[in-house]
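Submitted below is the structure of interest, expressed as structure tokens.
Chains here go by letter, A, B and C, matching the order in which they are written, and residues are numbered from 1 within each.
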Amino acid sequence: MSVTLLIEQLLNGLQLGTMLFLMASGLTLVFGVMGLINLAHGSFYMVGAYATAAVAASTGSFLTGLAAGMAAAAVAGALVELIVIRRLYHRSHLDQVLATFALILIFSEGTRWLFGSSPLRLSPPSWLTGFVTLPGDTRYPTYRLMLIGVGVVIAIALYLLISRTRLGMRIRAGESDREMIGALGVNISKLYTVVFALGASLAGLAGALVGALQSVQVGMGEPVLILAFVVIVIGGIGSIKGALFGALLVGVVDTLGRVYLPILFRAFMPPSEAAGVGAALAAMLIYILMAIILAFKPKGLFSAHD
Amino acid sequence: MINTTSRSAPEVAPTPRNERALDRKGVVQIALLAVLLILPVAAYVMGEFYYVNLASRITIIAMAAVGLNLAIGYGGMVSFGHAAYFGLGGYVAGIGAYHAFDATPFMTWPISLPGSDNLLVLWLAAALLCALLALVIGAISLRTTGVYFIMITLAFAQMIYYFANSWPTYGGEDGLPIYLRNSLPFVDSSDPLNYFLICFVGLLLAMALTSRLMKSRFGAALTMARLNDVRLATSGINPYPVRLVAFVISAAITGLAGALYADLNGFVSPTVLSWHFSGELMVIVILGGVGRLYGPLAGAILFVMMETFLGGITQYWQLFLGLVLLGVVLFAKHGVMGFLAGRERNE
Amino acid sequence: MKQITRFGLGLLLSSSVLAAQADDVKIGMITTLSGGGSHLGVDVRDGFMLAIEQSGRDDIEVLIQDDANRPDLARSLANEFMQRDDVDIMTGIIWSNLAMAVVPAVTRQGTFYLSPNAGPSDLAGRMCHENYFNVAYQNDNLHGAMGAYMREQGYERPIIMAPNYPAGTDALAGFKHLYEGDVVDELYTQMGQTDYAAEIAQIRASDADSLFFFLPGGMGISFMKQWESSGVDIPIFGAAFSFDEILIKAVGSAAIGARNTSLWAYDLDNEANHRFVDSFRETYDRTPTLYAAQGYDTANLILSALDSAHPDDADAFREALRAADFDSVRGEFRFGPNQHPIQDIYVREVVEGDDGQPTNRLIGVAIEDIQDIYYEQCQM
């Protein structure tokens, strides 16, 4: 239980958190502005990863692939909004759940049809492989540090977008009063398409970046979708600040729980049992965290709506 | 959860206009039940046991959806975690049979509790345990509303899912087989037709209970809690316990269905606890028509049939399943039952 | 009167058709063709069908259904095959948890089941059945073999890792059983976990001299890619489940140098294997995985048994299966008393192939004639 291990694990938690933030920010924006529950958000994550893998494989350039991945996810998002989602704004949450659940099936199996059942290959670019040595002789993968950096940049960019630009002003207006901004002459349907595509492209970016570390395969978006929902619910739905805070909290708690719970249980249990029990509890940990937070703050930590 | 389902009018206290629709709806409803009853009996006579078991599967899934419909449709509580009760019910049947088979006690402290392979005992245990679990989960979750409620019910279900996955005693992710179907006094439950009839009676009872419940004062209060809980509060009734009781009953029905499902399959595993299964149950309720007594049955028939027969046609069957679901939500706004009833009205 | 005759004739005709069909053999295959991990099912199916086609027999009908990796669906499909289609033999299931849901019910009802992949310990031990044959491996085989190999290679402080589920704990137990020494630590990950930064940091912090892991499918891909850039420099070992030809291509350079145990390798030198690999590549335009090999062997075992008996004559057919009189692509193959294989396990190393893509190369034998440890619990 050395300090270097702790620092490294905190960095890992931070990195998981920033990637969750990319997913959660889009989800929370779409909910905040349009009042839509989008289960298919994980599909954009997958679309981003697949497009990046395909383009990176044919051009040999990771960055080109990344751009293509974001673009593909944005286009997929815009199309989905135009064809399906737009009809759901005035419908109940239930209809939204059903329609977006159907979209998951369509995206997953459609992707498998196009790309086959085998996982695709996507690796970080060579200039980002390897590790850097941090103070205290902690070795940390360069690519993961870069992910943290990207997450921070996106968080700042989103903050500026929402607080400083005309689009951001409309988003804020949309969050506080949906009917009002229509009355003010803002082209609401265009705004919705743009917000949806923006959220989708952020999910696509997350999928592409994480896909290079993990495996690019059908269904990769689903576990991360559930985590992203946990994040926005903890943070307070509709709040970007809440999404950021929730993402970091979930990232750090999940990572530290996985490492230290088994060690903790080892203090009073035989090692092999402690590993099993610790791992089981670690898997449940963030859901326990979420239930506790909601039991005391039923609208999350930073709710935008009250 | 306020207003999430106010779109579809409840089917209690029918107005005169509804009365006429009820007649036509009645035909559809009786037809659904008749088809569900007659086809398996015919298949049994012809020796096609597979179709009898398929009908049992539909019946059980419909029953689980009837439970969920009480929470979602009538109570406006959009639970994304009903797989927890379905799975718990299944594990009660599985664990009871496991200990009965091994002749080992389920627990020895504080009281000695043996396993059991008596279905009546197992059903009672399943319903009670699910009710208890729902009491705890509901008591916490009902403090939240809307999307938060959806997500906190999901969170609880995920906890149980991960627990079941990694708890080794009862098989963990491998699941728990039930070697011999649990038995009933006087009835041979291992006979496929008998088992179907047991399930069918279970479904009818669950629907009758829902119907009776919604026609009672309690049902009126629940409807009011869904449509306008402030008005209910001003009339002196606290909506919270009303919702909680409905949630608990809903979970008990779904749990009972889970126990039936485990015995039908001779197997229970964490798969039935996953969020995917919660989603499927929701899909079935919506597919059939939210807040309609026969909606879950119609939804279950359609969903299980598609699942069963599309799979034999193409390995990309889930794509077509998705397209059908999307079509239903976009074009048949009130589910299959709404679609059928609507068409009747136009005739 | 005329009508009655025609009716009678029709009956006669249809009954004679039925009689002809009774000699045909119906095989029901339930396998995973959609969802995560479906490339395993696709390869089992393709390997199996290749052997059936090569046999040139037209009296065998293979029905194929997709279980989407869901136990309850698999169970329902099994009922469909047994009760509606009246199949003689079933096969195809990939995952242990699905096998546990399906196999006991199938064998109890008198239908033969031949496992082309999963081998849970219960089915090898206390729940074994005379109608159940495992043509692939018992789940512990490859892990145990790697334990024996690492011991022999002189690794003294391995750290071992697997997901926290029955096959994972079994894998580590199997490894330890034949490693016969102390391990530095045991790490349990979550099912479906995608990020291994926390575990990698723990491995770095330990003083292990080697790593053995069991992370099937996508989990293995994620782990190896993250391992590559971690800067931890100890050799890694695993079972073939993380190193099939499809997975290592998705992993890329990160897999190079890893050693893994397998019951088969595509460069294994025997005549049946040359024929299999060549025709598989020709037919499907890809290199087969061990799953394809297992599917191919399963089909050939069935074909060899059909040469001497029809499944309707259950005792004779069972005897013919037990004899295992077929040319296995993995060389020697025979059944133990619990109808699980006794076979050699090989070691492969991932190297860079001629096309620059990673590929497996056979480097030796890990253990000869390995047999599972559960057969003593099996009372048949």
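What we mean here is this: contacts are C-beta pairs under 8 Å (C-beta built on N, C-alpha and C of every residue); 3 or more make two chains touch, one makes a residue touch a chain.
This one's a predicted model, so the numbers in the text were calculated from it and none came from an experiment.
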Which of A-B and B-C has more C-beta contact pairs: A-B
Remotest chain, chain A as reference, centres from CA atoms: C
Chain B-chain C separation of Cα centroids, rounded to whole Å: 36
For chain A paired with chain B, centre-to-centre distance based on mean C-alpha positions, whole Å: 32
Chain B: positions in contact with at least two other chains: 162, 165-166, 168, 316-318
Shared interface positions of chain C, touching two or more other chains: 33-35, 164, 169, 190
Residues of chain A engaged with two or more neighbouring chains: 108-109, 112, 276, 279-280, 283
Touch list for chain A against partner chain B, complex: 31, 37, 39, 84, 87-88, 91-95, 97-99, 101-106, 108-110, 112-113, 226, 229-230, 233, 237, 276, 279-280, 283-284, 287-288, 290-291, 294-295, 298-300
Sites on chain A touched by chain C in the complex: 2, 4-5, 8-9, 12, 15-16, 108-109, 112, 116-121, 123-124, 129-131, 139, 141-144, 210, 212-220, 223-224, 255, 258-259, 262, 271-272, 275-276, 278-280, 282-283
Complex contact set, residues of chain C against chain B: 33-35, 65-66, 68, 70-73, 75-77, 79-80, 82-84, 96-97, 100-101, 104-105, 120, 164-167, 169, 190-191
Residues of chain B defined as touching chain A within the complex: 3-7, 72, 78, 80, 140-141, 143-148, 150-152, 154-156, 158-159, 162-163, 165-168, 275, 279, 282-283, 286-287, 290, 316-319, 321-326, 328-330, 333
Residues on chain B engaged by chain C in the complex (per definition of touch): 48-51, 53-54, 57, 162, 165-166, 168, 171-175, 177, 179, 261, 265-267, 269, 271-272, 307-308, 311-312, 315-318
